[in-house]
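A single structure is presented below for examination.
All chains are identified by letter, namely A, B and C, in their written order; residue positions are counted from 1 within each chain.
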């Protein structure tokens, strides 16, 4: 454990201590909106991570050419460009996921995690560190989405790997009646609230500030 | 001044680079997307009609109909792509029928019904009820096909939409006429019948003479007035003109129109009340 | 007219942007602590959202769609929203300093309020006509405000409640939002477009 290695620090910070979802409550719209199924949550997490990494790297590389006064519009255009590319790629190669995520794919552009990292980190740091930071925060975001989606799918549907019937695994017997609430909007809020409570307990136990 | 110029140029360069990159990506991915959509559609057609060699597309309103042909150019059947309003939004589905207008398959393409409740429309249990039903068969929710309790609106919407689509396929592409309600051999007289509406009973009197419906009068109704005026006297006029009960119900008041027809049918199924001579309406 | 009334009803109650569709969650959690800030944010959102829907709809219909540039939608929309927010901020500061004091601090936050972007994207996706799109923008922003104001009212009382240690802060806010969302579930299915 070398606490002085800046790369390690950049990498791990976003995953646990400053987890964008569980600790900072950022980027909440997709967190709640697409986590009805594990695969959708995971897909959304990975798509956002891709945009985050790409925009972090490009912004870090261009930071000296962009005058501070127009920095925000430039960041926004760069992020929006990568979001559009991801949208095209998903539509072409992952159509099922693309349909399932719906309007939340273009909405990655207003995910405050991404603009937040661009403004707070990438615009002040070298390319390599921004890359590592992007990967770390991305993993943290994906992890949070995955956990919430898994909880919601198991409780709300009694399955994993849905909704595609080919990959769906029924966890319980035929007679199992899932708690439909968790598949629906109120369940999203409640499940995330409970998970936040759980992380609070864990962090307190482990004494992480 | 120089500053503003520099700012504008930076922004412009970023924007142009972005647009150029996206145009490139668009040109790369667009053909893939188009081809995939085409292929998926073909796969759906093939799953219903393994013998398919060619198809012809026709559009009626918002619905799309594909006439399917085999290698010899023989017609195998029709697949429709239709839409209906479910409980929470639009349901889009494929309905395949063979040449005898018998349903051979249903596939839900997209829907936004409540998970765990309205989404039973995607289950085999629900869809299998329709298989084998044909143009000739009545398809009515709760009678010929079970609706699912708790999801009455979602399933009901599917049942009536499927019924409409089968009728449209039969009439437009398979030269079929809905078997008419047969009233030619009835005795002359005044027939009275009724049906339940949303807000109460509707009662009609039908004047029947010499094998013809001469007049229809709604003598009691509890419909919403604003809608009812669209259906009455328009629907009775259509029935009398065409001398059949299977008239077009598109009036802006479809429910009232269907109720009038149901009440007339109910009347003609019963016994006449008068001899028809005294009726001056 | 019927469609317009349906749109208003649906997007305020049935398909509430915050509680049923999860758009604009960040400001919903962020500024709902006090009624005063909630109302300020609501006003700013109503204004910007309506304007944004209007401008993006025109832009999409008469430029992007006409010249087959639909794929530039995200870039242009977010730029329009960002400039609009900037414009509103500058104008407000010049014209009405008092109003600016009230709304000013919320305006920069609005650029990344996904409800604004969502309403612009959905107006195009749902193929609304111009008037419908504008009414949709108004209704969605009113729905957002309704949720925000109700939430602020609850949270002001929640301050005094005795909440388990671990659930304090965001956790209990989310659970409260869940119960509120559950209440709004009652409107489900009442109306579709």
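Convention: a residue touches a chain if its C-beta (ideal position, glycine included) is under 8 Å from a C-beta of that chain, and two chains touch if they have at least 3 such contacts.
Every value quoted in this text rests on a predicted model; they were computed, and no experiment measured them.
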Chain with minimal offset from the mean of all protein Cα atoms: C
Pair exhibiting more inter-chain C-beta contacts, A-C or B-C: A-C
Whole-Å gap between the CA centroids of chain A and chain B: 42
Separation of chain A from chain C, taking each centre as the mean of its C-alpha atoms, in whole Å: 22
Centre-of-Cα separation between chain C and chain B, whole angstrom: 36
For chain A, residues contacting two or more additional chains: 73, 77, 80-81, 84, 88, 184
Chain C: positions in contact with at least two other chains: 71-72, 75, 79
Where chain B touches two or more other chains, by residue: 15, 18, 22, 25-26, 114
Complex contact set, residues of chain C against chain B: 71-72, 75, 79, 188-189, 192
Contact footprint of chain C on chain B as seen in their complex: 15, 18-19, 22-23, 25-26, 85-89, 114, 153
Footprint of chain A on chain B - complex, ascending: 3, 6-7, 10-11, 14-15, 18, 21-22, 25-26, 28-30, 32-33, 36, 40, 110, 114-117
Chain A - residues contacting chain C, complex: 25-33, 72-73, 76-77, 80-81, 83-84, 87-88, 103, 106-107, 109-112, 115, 181, 184-190, 192-194, 196-198, 200-201, 204
Residue numbers on chain A that touch chain B, as the complex places them: 36, 65-67, 69-70, 73-74, 77-78, 80-81, 84-85, 88-89, 91-93, 95, 99, 156-157, 178, 180, 183-184
